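Chain naming follows the written order as A, B and C, and within any one chain the residues start at number 1.
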Amino acid sequence: MTALAVVDVSKNFGGVAALSGVSLTIAQGERRVLLGPNGAGKTTLFHTISGNVAPSAGRIVLFDTDITRLRPDRRARLGLARTFQITNLFPRLTVLDSVLLALDGAAGRGMRFLGSPAGDRDMDAQAHRLLERWGLAEVAPRIVRTLSYGEQRQLEIALALAGEPRLLLLDEPTAGLSAAETRRVVAMVHELPRDMTIVMIEHDMDVAFELADRIAVMHQGRLIAEGDQAAIRANQHVTDIYLGAE
Amino acid sequence: MTTRLGSIAVAVAALGLLVALPAFAREYSVALATKMLIFALFAMSLDLLLGYTGLASLGHAAYFGVAAYTVALLVVRAGVSSGLAFPAALAAAAVTGAVFAPLALRARGSYFLMITFALSQVVWSVAFGWRTLTNGDDGMPDVVRPNFGFSLDNTASFYYFTLAVVGVATVVLVAIVRSPFGRALRGIRESESRMQALGFDVWRYQYVAFVLSAAFAGVAGALYAYYNRFVGPEYLYVIQSAEALIMVILGGAGTLIGPAIGAGLIVFLEDFISSLTQHWVLVLGVIYVVVTLFAPRGLIGLVNDFRRRGAK
Amino acid sequence: MTWVIHILNGVAFGMLLFLLAAGLSLIYGLMKILNLTHGSFYLVGGYIGLTVMQVTGSFVLALIAAVLAVALLGAVIERFFLRRFHLDELPQTLVTFGFLFIFSDLSLWIWGGNPLMLNVPHIFQGSLPMGYYAYPYYRLFLIAVGLLVAGGLWWFQERTRLGTMLRAGVDDAEIARALGINVSLLFTLVFAVGAGLAALAGVLAGPVLSLYPGADFEVLIFAFVVVVIGGLGSLRGALAGALLVGILDDFGKAFFPQFALFTVFVPMAVILVMRPTGLFGRQ
């Protein structure tokens, strides 16, 4: 079953082509890593998939639903979750409140005017389980902006996972992390259910090769190579880009 | 826990003081306190938008004034009983918010400020220009106070009526900001894009917040029409919006108690300074600049800083 | 023929609005400051012009003195009160709001509460005969000044080195800095020029619209509507928006006097719904 199909997607920013005719098909349960130098269009591609940027041409299909014209929140409700390259959290809320928000959003039940946010025992327990699972239980009452950078990156992922998404987009989840923190994130991804489809942008080759079933390489807004680890390592074009005049 | 007990004790003491006020204060002070309560509600209503949702409106007087004019027009022009005019005023403010919100919410940041400002000035220009209906800048006198079987004509009884209405509205506001909806608003204030990625229809939340905020401003506006027994276009003017904004900022946006205190302080200062000089607007401008430069997070922010320093 | 008169009146008012909106728009485009003090720059400029003209009798001197004094005032406000909040929208708006009130009250104090008229300069007294009607020379002069300033600003932006810097700065302050442009000086300069243009509008408006307390808020609203329609940060947008609003306002005042502002407000609402960033604004 196809989890995500990106069909001939292009995006122009004021005449500059950020994406030109990118097509990708990702099977359910697949772990796909996007590689490519800075400015290759990886994050723009993510933005078009999550709905933060409208493509100039092409279609995006999520599990047989054409989502090209849907707003980001509608896509999220269809089971698409994402993290952001630049940490995008709620700096002045607590960690617990952030997770409760993520749970409310996934369930589409934020529009409740009565009841104290912490009073819902089921939800509270669910939130604490989540925090426990991702090693954030101890910081639950802390204000987000007081967390360390590594903790913030972990929370970023935990929020995306709160709704048990079918498709998870991870934008450079290990960027700026120490070796130990990187290992923790890799372990996190390994622990996710196998039927969860994951697309991630990753610069760390070791992480990329460890997590990916297949790899797609982008360069100057185009998809230039696709395949498993061996195929990518053997691809001359890819080697040129990474070792050549780039 | 001790801080929580402390806040409850302070709240009970404050409530006791408010209830007992007419027993020991001069009539003039009771009237001033009534005005403080009305503006506390007005400031809190703006803070629902500014402090909780992160949308800085520069035209909140529109909803305050629309409600006040609704009361006046119904009572003076249509002969409706004053008590019935109250829910109508609330509805009128909410509807005005419901109509303006889609326009203002097309934009963010400076555009939002500009559009809310422009929209409120349009309402003002109608009140000012449509003399046959509103008497223009002469305003409309003879707005009688409602009578619910007991007269609200003396200062103390109207004070208690205001205290009750503002009290109920405050309880509802507290419930709203502490509900899951309130949490969603704070999430939107912190990061709209993250909230969208989590599946929230951000626009819908902002819209509801906008309309609620307008409705609460309307309650304050209707009370103010009763309080003065008069309405005039200055209720809708930018200076009214500006005062509400500085009440919120001075007290501390993102809390309800902050704007209420800010409102009390501004109302008191306006009364005090106006008794000394005609240049209240000048002082208001200076307060703006000084608060922005030296206490950007308001009095609540200063208190928190002080506490933190004390704790260390 | 009456509609020609209305259109000319509208264009003349539109040119005054352009002088205001161009500064507002450039300041926003470069610094992202929504400058509410712009209304004060207009009114204070007009009052200074009036006083200079009463003392010296020279309209030209009035113009120069008002523009220079207000430009200096603008530079001081930018340097000492706004600079520290760079890119922090709310405090910047609050400070400019504060100054709007301060200047509003100070000018009421100094120049009093009655509307004051500047005299039309001698060479522009009289009217141009047009069939049955006659059209005042002074208003034609207003239109000419507006066009001249529009042309000058266009030339400055497109043909001078400083203008190139300005455009680079509007596009991206980081890039501008990387190009070795002294952004800090550019900010002060643009703020001063914007303030000066508003003062110019104030003096020019003196003989037509008169100067009175509250005019600062009124023109500010008009300038807002202009930039909402035209798009913040765009000179072309400011010109198109100003002409549109000027003409609509004149027709509105002529045909629906009680609801004059509606004739400018309704198109603004329509444009907002269709293009939230205005006709020429960035998406």
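Quick note on the criterion: contacts are C-beta pairs under 8 Å (C-beta built on N, C-alpha and C of every residue); 3 or more make two chains touch, one makes a residue touch a chain.
Everything numeric in this text was worked out from a predicted model, so none of it was measured.
Engineer: Which word fits how the chains touch one another: line, ring, star, complete or other?
Structural biologist: The chain contacts form an open line.
Engineer: From the C-alpha centres, identify the chain that is farthest from subunit B.
Structural biologist: A
Engineer: Would you mind pulling out the distance in Å between where the CA atoms of subunit A average out and where those of subunit C do?
Structural biologist: Here subunit A and subunit C have centroids separated by 47 Å.
Engineer: Quick one: report the Å distance separating subunit A from subunit B, using the average Cα coordinate of each chain.
Structural biologist: About 42 Å, centre to centre.
Engineer: Cα centroid separation between subunit B and subunit C, in whole Å?
Structural biologist: Distance between chain centres: 32 Å.
Engineer: Scan subunit C for residues touching two or more other chains and write them down.
Structural biologist: In subunit C, no residue touches at least two other chains, as defined above.
Engineer: Can you check the complex and tell me which residues of subunit C touch subunit B?
Structural biologist: 28, 32, 34, 81, 84-85, 89-91, 93-95, 97-106, 108-109, 217, 221, 224-225, 227-228, 232, 257-262, 265, 268-269, 272-273, 276-277
Engineer: Taking the touch rule as given, give the residues of subunit A at its contact with subunit B in the complex, in rising order.
Structural biologist: 50-52, 71-74, 76-77, 81-82, 84, 88-93, 97-98, 100-102, 104-106, 108-117, 159-160, 162-163
Engineer: For subunit B, which residues count as touching subunit A in their complex?
Structural biologist: Within the complex, subunit B contacts subunit A at residues 175-176, 178-184, 186-187, 190-191, 193-202, 204-205, 208.
Engineer: Looking at the complex, which residues from subunit B come into contact with subunit C?
Structural biologist: 56, 58, 102-103, 106-107, 109-111, 113-115, 117-119, 121-122, 125-126, 129-132, 238-239, 242, 245-246, 249, 279, 281-282, 284-289, 291-293, 296
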